[in-house]
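Quick one: the structure is below, questions incoming.
Letters are used for the chains, namely A, B, C and D, taken in the order the chains are written, and counting of residues starts over at 1 for each.
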Amino acid sequence: MISLVNHPFDPAETLRDFTAEASDAGAIVSFTGQVRPTAKSGPVSCLHLQAYSPLTENGMRAAVETARRRWPISAVRVIHRIGDMAPGEAIVFVATASAHRRAAFEAADFLMDYLKTEAVFWKKETGPAGAAWIEPRAEDYEDRARWALSGDN
Amino acid sequence: MARLHFLGRLVDVTGHPSETVDLPAALTDTSSLRQWLDDRGAQDGAFLDPTVRVAINDELVIEPAAIANSDEIAFLPPVGGG
Amino acid sequence: MISLVNHPFDPAETLRDFTAEASDAGAIVSFTGQVRPTAKSGPVSCLHLQAYSPLTENGMRAAVETARRRWPISAVRVIHRIGDMAPGEAIVFVATASAHRRAAFEAADFLMDYLKTEAVFWKKETGPAGAAWIEPRAEDYEDRARWALSGDN
Amino acid sequence: MARLHFLGRLVDVTGHPSETVDLPAALTDTSSLRQWLDDRGAQDGAFLDPTVRVAINDELVIEPAAIANSDEIAFLPPVGGG
């Protein structure tokens, strides 16, 4: 259901496997997040993501359980890269399957919100000026404040 | 012996991702541990930053929280950057 | 950008091509709609979709243009089956790419709303009791009423 | 000669998806054409149904709309079922 992987993975193959498994669902939504070649700070040659097991996995599993409680999804798949990755490589893949198009969209959207704002990952970008850890901007703090004490948001 | 983990930018601050350390008996909670770590390495308040959260034995804690010399203690800067 | 196809297609391969083309985008959302093995009327052995060219294509192109005006999407792909198809086969595939996760989600959602409620297709389901054309339910009429006279909704 | 197209359930009503027909001169708009088609095949109002829209030469029209004996005229039941 959830995986952390420290090597490149193929979102298209993952969608193929997921679709085969969810062939009765009717509606399948996927999200693929890729390393962008430029960030706020300028060009990025390498992105490093660090997890802290088992907190990272526990948080992801809790988010998936919340999604399953809120929406009638018949299958869900989350893959997240850790370690070093190059521009264009997939960082994250989320797929949801449901009999209902809206449920599949909303559950995928919810999981991506979790993964982008609350999931337990630290991010380091390497560019021409060297490497820097990236932390949330001021406007992200309000969202982020929820993660420690709330199991269901 | 306690096991300490330093995540995100704290890896750069300490120069290593984790260490095994015999905690002085005077360190009974996360508050005194933070001060001790900061003083020990002259780390300019990196461990006193309230946005750095603490997990003990794989659970996030509300601070100050009691610590034992056998705990696994992780220091977690804010997550979910940009 | 849009295609009507009268043969099975592979959503995973389509996502692979789209992702390669949109490798700078950062965020890629896909939706796959599959023929469900059961409908309101019972089991479905065959789904038939009829288009009327060029109205069907013109409507799809207009919806894509509307999505491009509303959201900063860098690429979009829509494939829709016509003719006869079997349960489990893909009916529709929509992919959107953007630097912004929210734009990619919303544009894909918008396009699917268009394709499900306003696009110019007629649908016939074949089951144990024979074949029947399926038309909108009462609650669909309000949405559908927009399609003829409004180019931008 | 006009070219007529019957979509969706109208294919079953007429028994064929399209036909080429020499329209009587009296048929000057979509309203009289609908009545003529319905009468011709005893089609029980299938062509009088206001949810059936008409496209002339690939454009949806607001009815009643003028027709010519050279037009391509399509009858479109409601789309977007279920």
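We take it that a residue touches a chain if its C-beta (ideal position, glycine included) is under 8 Å from a C-beta of that chain, and two chains touch if they have at least 3 such contacts.
In this text, all values refer to a predicted model and were calculated from it rather than measured experimentally.
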Contact-graph distance - origin chain A, target chain D: 2
Whole-Å separation of chain centres (CA-atom averages), chain A against chain B: 27
Whole-Å separation of chain centres (CA-atom averages), chain B against chain D: 77
Distance from chain C to chain B - Cα centre to Cα centre, in angstrom: 52
Residue numbers of chain A (touch at least two other chains): 116
Contacts with 2+ other chains: residues of chain D: none
Pairwise touch network: line, ring, star, complete, or other: line
Which pairs of chains touch, using the document's own definition: A-B, A-C, C-D
Chain B-touching residues of chain A, taken from the complex the two chains share: 39-40, 50, 52, 54-55, 58, 116-124, 133-137, 140-141, 143-144, 147-149
Residues of chain C touching chain A in the complex: 10-13, 15-16, 19, 23-34, 36-37, 87-88, 90, 99, 101, 104-105, 108-109, 112, 116
Residues on chain D engaged by chain C in the complex (per definition of touch): 5, 7-9, 11-12, 51, 53, 55, 58, 60, 62, 74, 76-82
